[in-house]
Amino acid sequence: MTDHGPLDAPALPGPPAPGHPPAPGISGSPWVVLAVWSVVVGAGTWLLRSRPDAVPFAILLLPLLGFTVLALFGDAIRDQGEGTGAAWLACSTVVTSFALSVATVYRVMQFPGGHTGLRFTQPYLGFEWIEAGAFRVQVNLLVDNLSSVMMLVVSGVGSLIHVYSVGYMAHDEDKVRYFSYLNLFTFFMLLLVLSGNLPLMFVGWEGVGLCSYLLIGFWFKKKSAADAGKKAFIVNRVGDAGLILGMILAFHTIGTLDLVDLASNATSLSEEALWQFGPITAICLLLFLGACGKSAQIPLQVWLPDAMEGPTPVSALIHAATMVTAGVYMVARLAPLYSLSPTAMLVVAVTGAATSVLGATVALVQTDIKKVLAYSTVSQLGYMFLACGVGAFGVGIFHLFTHAFFKALLFLGSGSVIHALGGEQDMRKMGGLRKRIPWTYWTFVIGTAAISGIPPLAGYKSKDEILGGALAAGWRTLFAVGLAVALLTAFYMTRAVILTFFGTYRGDAETESHIHESPWVMLWPLLALAVGSIAGGYVDIPAFVAPALRLEAREGHPEWLPYLATAVAIAGIALAYYLYALYRDIPGRIYASARGLARVLESKYGFDTLYDGFVSKVVVGGSEEVLWKGLDTRVIDGAVNGTATATAALARRVRVVQSGLVRAYALLILGGAVAVLSYLLWVRP
Amino acid sequence: MTPGALDLRPLFPAMAVALAGVVVLLAQAFTPKGGRAPAAALSLAGLVAGLVAVIVIASGRGRGAVLAGSVAADEYALFFQGLILSIAILAVLLSPSYLRETGTDRGEYYALLLFAVVGMMGLVSALELVAVFVALEIMSVAVYAMAGLRRDREESQEAALKYFITGSFSSAFLLYGIAVLYGLTGTTSLTRIADVLRSGAASPVAGSAGAATALALVGTGLLLVGFGFKVASVPFHMWAPDAYEGAPTTVTALMAAGVKAAAFGGFVRIFQQALPDLAAQWQPAVAVLAVVTMVVGNLGALAQSNLKRMLAYSSVAHAGYLMTALVAAPGRGTEAILFYLVTYAAVNLGGFGAFAALTRSGREPLTLSDMAGLSTRRPLLAAALTVFLVSLTGVPVSGGFVGKFYLFSAAVGAGYVSLAIVGMLMSVVSAYYYLRVVIAMYMREPEGEDTWSPIGAGAGLALAVSTVVVLVLGVYPGPVMDWARMAARSIGSIV
Amino acid sequence: MTLTLFHAILFYAFGGLALGGALVMVSQRNPTYSAFALIVTLVALSAEFGLLGSPFIAALQIVVYAGAIMVLFLFVLMLLSVKAEARVEGEGRVFKLVALALGALLAAEVGSALLAAKTPMAGGFDASARAVARLLFSPQYLYVFEATSILILASLVGAVALARREGGR
Amino acid sequence: MTTDLLAVIVLLPVLGAIVLAFVPASAERAHKVVAIALTTALFLLSLALVEGFRAEPGMQFEVSRDWLPSLGVRYHVGVDGLSLWLIILTTFLTPISLLASWHSIHSRVKAFNIFMLLLEAGMLGVFVALDLFLFYIFWEAMLIPMYFLIGIWGHERRIYAAIKFFLYTMAGSALMLVAFIVLYKTSAAHTFDILALVQRPVAPSLQMWLFAAFALAFAIKVPMFPFHTWLPDAHVEAPTAGSVILAGVLLKMGGYGFLRLAFPLFPDAAHRFAPYIGALAVVGIVYGALVSLVQPNLKKLVAYSSVSHLGFVMLGIAAFTTTSVVGAVYQMLNHGISTGALFLMVGMLYDRRHTFAIEEYGGLKSVMPWFASLFLLVCLSSLAVPGLNGFVGEFLIMIGSWSLSRPMVVLASTGVILAAGYILWMVQRVLYGEVTHEANRALPDLSARELAVVIPMVVLAVVMGVASPLFTRLIEPSVQTLIYDTQSRATARARTVAAAPAPGPTDRGVR
Amino acid sequence: MSPQLVQHALLLSLALFAVGVVGVFLRRNIITIFMCVELMLNAVNLAFIAFSRAWGNLDGQVLVFFVLTVAAAEAAVGLAIIISIHRRKDTLDVDAFRVMKW
């Protein structure tokens, strides 16, 4: 995937006017868009005024509506204006959802006690989603401070990425399908964060997984893309199986799957001791398995890097900002439950820490710009779990929040780079782009600074909090790990920036001649996200979500911490600059001297090899040779057919008795007579 | 009835048929050379007259036992006589075209058929062992001869020979059994035999109770051999495949339907009316025979490629099914046998009749490849044959299923669950060979020219009637069941 | 009829003759000899019938069996000019042994029952032709008697149908 | 009820078949039109059952008349929550499969339609029969039209498959018939009437044997591991309509039989055997999934996936809690829709390319976008993505089966993972990638007729996924009564329960 | 000694019957086999007569009468069959007739 671009920027029709990107063809169907837009705005306003309780449902259903329209009438829409109308339709639904979300959050916070949430139960249908015996699943939404944050992130970042996509996908023939998937994703993601109970959340959970599958494999003609989509789905399914079992166990243990009831019932349960594998621990671990799948934690992290086969905006939205954070969201959502199980907490923290190390180290050796970001995401997600595991759930959400901005920014930035280079993703063929695509460069740098934890950017604030949380919980080891990861993060991100934007261009001349800055429709989402990456840290998310998590407010952190963290970040950046900008031959030498380590990192610690081997040899091979051809065909069906064959063979034997010799017939009569008489006289007197 | 004044009304059905036989012979004799006597029509007339007589008697006038209790016109006899006459009518309908195509078209055929029918009718109505024996012999002698009537096929004569030798051999056993029972009881009347056996000591021949029992069992055993032969129960069955295969197909139809029904009619009546007190002894023996018969019959059929022979083995197997209910006689077992014989007769007439109807110029459809693609060339016939095969398999909706259900439920009711299990498992085996024919007809392409005879009116009528009977018995078997129950209950009611 | 020693001697003598004839019959390869041996047996049996007080049946036996049926057999034997069975080395020895064993077993089984039976001899036994005929033509056997007419007719027709030459009509 | 609506529903197809028998075979179009119109009308008529159905336990639309008094057989029919939707499923799938066969059946159209109608009558009969004899008649009679459908209109090895299907299923039910009779003879009720027999179970020791006989018949029909090997053969060789009906309805009869007969008639035996049934069901789930993973043939893959899916059904039945059984019944419907739709769509591929080999396809999404989208949707429904129908059933089953055995549920959950594996792998090989075979390059997308066939199924998959109570509310009362009655009639249980708190419709199963 | 006479007659009848039975298997000529069957019938006749004597009733006599008739009828048909098959195969070896088997 590095040698040629995906269709990320499918064969550019011609050199666009430099510095003056072509405006995507809004002209295609302006009237349609305008009409749709005004209807949507009007309806939204009406809803807010007269049916406020319906608004959360409207937030949800708008993207679904968009999907439905695009799916059913996509062909008709595509026929007009190359599908640009479709793109704007998709954007409009999400943007409207965002607007309604803002209004809803505002409204929720007006309620006394609104911080702990409002439940919205649908009164429209005469039934709920599932009703069977004692098991019922309502269709209810929960809007509290936690889901508010998520809702805003999802619809906000989602809106930006929708808009960005209008430009990014402008030349793709299949953009109707793309936008329909994107809308569907938004719907499921909103459902995930808004649903008031676990099963309904699971609908969103699997739904986003499905959309992820569809979007990773968007360019389905490419085998690697289809493979990656499938891999993502299946790996996620492993986690989902855990999630299902966790839900079942929770239902049978606690008696409810409603999020609010779970939280309140949890308070009446007694805490389990460390290493006591009681039901609560089991529930938490099973659910965490689900979270591992969705949020790409060890041992289920393998799908996320492959997921970069999808269009870059998708990577930004799904595989950085929103979907992959669902696991963190769920763990935080069930904070009261997790708090009862030190074992589970420890597992979450250690897994998160380990994953963050894994991601950060593997990112060091990646040459594909998106892969760097992907492993970075893995690492940062681990960071969030680390926060949750040490009890700083709110901080985890905080990092989730800031990460959404800067990681989306970085992805979109990388998308812009790739767009500029006609699909090139290999950093070894980049360099010196600083001047050619300045807007992209500057926003990318902001994102890098944010993720590296340079004050006063967003990442600095949230990372700081996580380290503080680890320290506060008494986990010095984890704190140290976190610090190390911070160093690595700053290092590999700086490396990426340097390789991409500094130095001289290393690609071929043909591509170089086409390098161009992205259109404005792509740039202004970058700007918006850059603003978020700077300012996001000043929203006190931990305090905001604390009531929803039913947790105590956090303690203060040692005052030396920010300095230490900043110092580490700067050290990382400096080191990277030193190695990649000043003494470029050193990395190669390090490589040469530590081949073993390099190989381990390049093989991503061998997980993929192990899993592939297991799946292809044990599962597929075993199923084919042992189960199907052996057990099924030979043993079971062999027994079935063998019965028939044996009967036929017996029949041929029986038949031979009928010799055709009439005296033999008579003999048998005589024998029969003797037998009958013997039986009557002697056997049965 | 007043002594001296003989009430012969119960004999009218048989007399009508016998008379028809004589008339056929006479008509033959007086037909000028080259002419063709209306033998089939005359036979039909006689058989229909007999059937009418049966119906009249059954409707209330003239029922009872006559001639010093040697022959009965009870519901049982009437049921069987009606059945046998119906079988004969259908067989006669099937015959003309077949005889014409095989060059067997002679007056003797119909006369023999009618005489055989007389024997069958006597067999089911006789209340006395001498009459049973003589009736059995009338039937047998006529059928021996009929089996050998097809001169163009060596098989036909061989069939007659084998049937005759084994038949007379087994008749001697039967006769010895009669002799032993006569010796023990001093009588040949079924009811009086039963009386003597019940009171036990009354016999001057029996030295002791044990000796009496031993003699009674020897007699019973030998009767079992004799009737086992006639119904083609294993191990007395071996004539059946050869005789069925070799005999002219219409005769085979008569053998499979009529002879078997009559033999069972006599079998059941004798064992139920004369030997009820030995039931505890002979019923287990019958059960064993039934199992062996079902297994060997079905396995034998499984290995056949000749369709007539396959159906012959299948008729052996069906004797086994029928015998399972004999362990539950009297009562439900008898009812079940009676009911099953009706559907079984229809099916076999239909099955063999279908082969007969297709025969052209002496060539009969005998192999599976002969039947290939029949459904495209004779769709109605193929459909009818499918119905028969389905019924033989015992799959609903067919009389065969209801009948089998009846039989096995009787066996289970008598405590013989194992019989029902074997029976059902063997039904599964049988499905394989029956279905092969369906496969050939429906799922294979026809080969070569259409060499089969078009279906004549008579044969068509006979096949249609059989089909309808099989299907109606599958959905609405109530009336026939009621008749069967009345008939079964009437055994022993008239002395 | 009283039983005398002479009576008994005759009874056993004819019995032995009958058995001997039978054994000769089954051991002869030539069917014609067998037929003659059978005739001996039949005649001896006729005597046995007479000695058992059944003169009518004894007469009938001679007339019908020895006189008619066996003549028919001989006639056919002559007609078909049947030769003696060819000797085949070791043919069906096992088969014959099994048959012998089974026959013996059958005889043993039936015999054991017969031996256990009492065999009285009723007094005042009258089996004259007159007495037998009275019973034969009583309603009790009327049906069977009439049936035999059909039997004979059937066998007649059957025999004609089978034995008639091809094409003959 | 004075009018016997059920008799009308069952007999209408028979009547139709008789009428068609008199229409000349050359009028093929007339045959098709009449058959489709008739079955569609029957579907609408059967909706009257839903309309008139009250969400209550007990039989509705019940009719009971003397039929064969000498055999103790009555004509007794009725509908309850267990059978209601299965009837609708039958009447729904039949016109669809007829429509799907419009072009793919080109020989002997007359016979095809007649057999389909007879098949429908047989299936409906099984679901309404409340007398063992009547039940068995329909149960067995159905084999014959199916046998012909496979044997005449099937593919290369059709005869082998047809015979195997017939013999295997007949062998299974042979012993069941004996068990029917034994039950009749030994039961105090002395009747074949199911409702009456259920009231008074026979002695527990006898129950074991009878249950085994029943269970064998039903296990083969389901089919449960290891009695499943007839299914792949039958499916692969059957024509599309046959596969749809086979998967959609016939297999359901096994599960239905367990629920209607085996469990309530033999509560003690059910209690005793439930763990074993559950274990086999779980083995089936995993085994079916693993084996379908490696199938090179589309139809075989779907067939083995049926083994896996029906394992869930059987697990739910074995657990015998309200939740699990409602889930099982619902899962039967789901499987009917999603697997039915899969077979329909695979059949559409076959119509175009005359092969089921997966390797012959690939890249179809570029040439047949509508097909691809709908196929994907159907696949997703089959792998139980929540929001579509399959999830509701599987989730209810798993949550309800927890009380039977936790390890079983855990193992069953691996089936969820594997389902994603085999389905998505198949989807990838069929739909994605470049078009590798020249023959596929010009395949036409779905025609209007084909869309009309698939879209109702897809719509139902979605509706059943989001609005399950519309269906389960009618199912649940019957299930609750079934479970309560069965438990209270189990003698082994009665003793232990006596001390326990007052029994109400509980959610804890027989266990 | 008089009662033994009847019993010995019965035993004789049994012996003759057994000889007839065995004879069927010892001989290959169809006519001889047929004669063996006739011998069996005659043996039974002796039993009838003996039993008739034992009981002092005449039913046994009548039975023999009918058996004779049956024997005659069988003989007629049987010999006709034999003639017709001899015509075709020119042999009376019973083992030669096995066109149909298995």
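The chains carry the letters A, B, C, D and E, assigned in the order they are written, with residues numbered from 1 in each.
In this text, contacts are C-beta pairs under 8 Å (C-beta built on N, C-alpha and C of every residue); 3 or more make two chains touch, one makes a residue touch a chain.
Predicted model, so just to flag it, every value in this text is computed and none were measured.
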As a test of whether you follow the contact definition, which chain pair has the most C-beta contact pairs? C-E
Compute the centre of every chain as the mean of its C-alpha atoms, then state which one is farthest from the centre of subunit B. A
Chain with the smallest distance from its CA centroid to the overall CA centroid? D
Report the chain whose mean Cα position is at the greatest distance from that of subunit C. A
Counting only Cα atoms for the centres, state how far subunit A is from subunit C in Å. 103
As a quick test, compute the distance in whole Å between the mean CA positions of subunit D and subunit E. 65
Suppose each chain is reduced to the average of its Cα coordinates; what separation in Å results between subunit B and subunit C? 30
Distance between chain centroids, defined by C-alpha means - subunit C, subunit D (Å): 70
Which subunit D residues touch at least two other chains? 167
In subunit B, residues with contacts to at least two other chains: 130, 134, 137, 141, 144-145, 148, 151, 160-162, 165, 169, 176, 180, 183, 204-205, 214, 217-218, 241-242, 303, 432
Multi-partner residues in subunit A (2 or more other chains touched) are 644, 655, 658, 660, 662-664, 666-667, 670-671, 673, 677, 681
What are all the chain pairs that meet the touch criterion? A-B, A-C, A-D, A-E, B-C, B-D, B-E, C-E
Footprint of subunit C on subunit B - complex, ascending: 6, 11, 18, 21-22, 25, 33, 66-71, 106, 108-109, 111-112, 115-116, 118-119, 122, 126, 128, 130-131, 134-135, 137-138, 141-142, 144-146, 148-149, 151, 160, 176, 180, 183-184, 204-208, 210-211, 214-215, 217-218
Help me check something: in the complex, which residues belonging to subunit C touch subunit A? 95, 98-99, 102-103, 105-106, 109-110, 112-113
Subunit E-touching residues of subunit B, taken from the complex the two chains share: 130, 133-134, 137, 141, 144-145, 148, 151, 154-155, 157-162, 164-165, 168-169, 171-172, 175-176, 178-180, 182-183, 186-188, 204-205, 241-242, 245-246, 303, 309
Subunit B partner contacts - residues on subunit E that touch it in the complex: 10, 17, 20, 24, 30, 33-34, 37, 40-41, 43-44, 47-48, 50-51, 54-55, 57, 59-60, 62-63, 66-67, 69-70, 73-74, 77-78, 80-82, 84-85, 88-89, 94, 97-102
What does subunit A use to touch subunit E in their complex? 655-656, 658-663, 666-667, 670
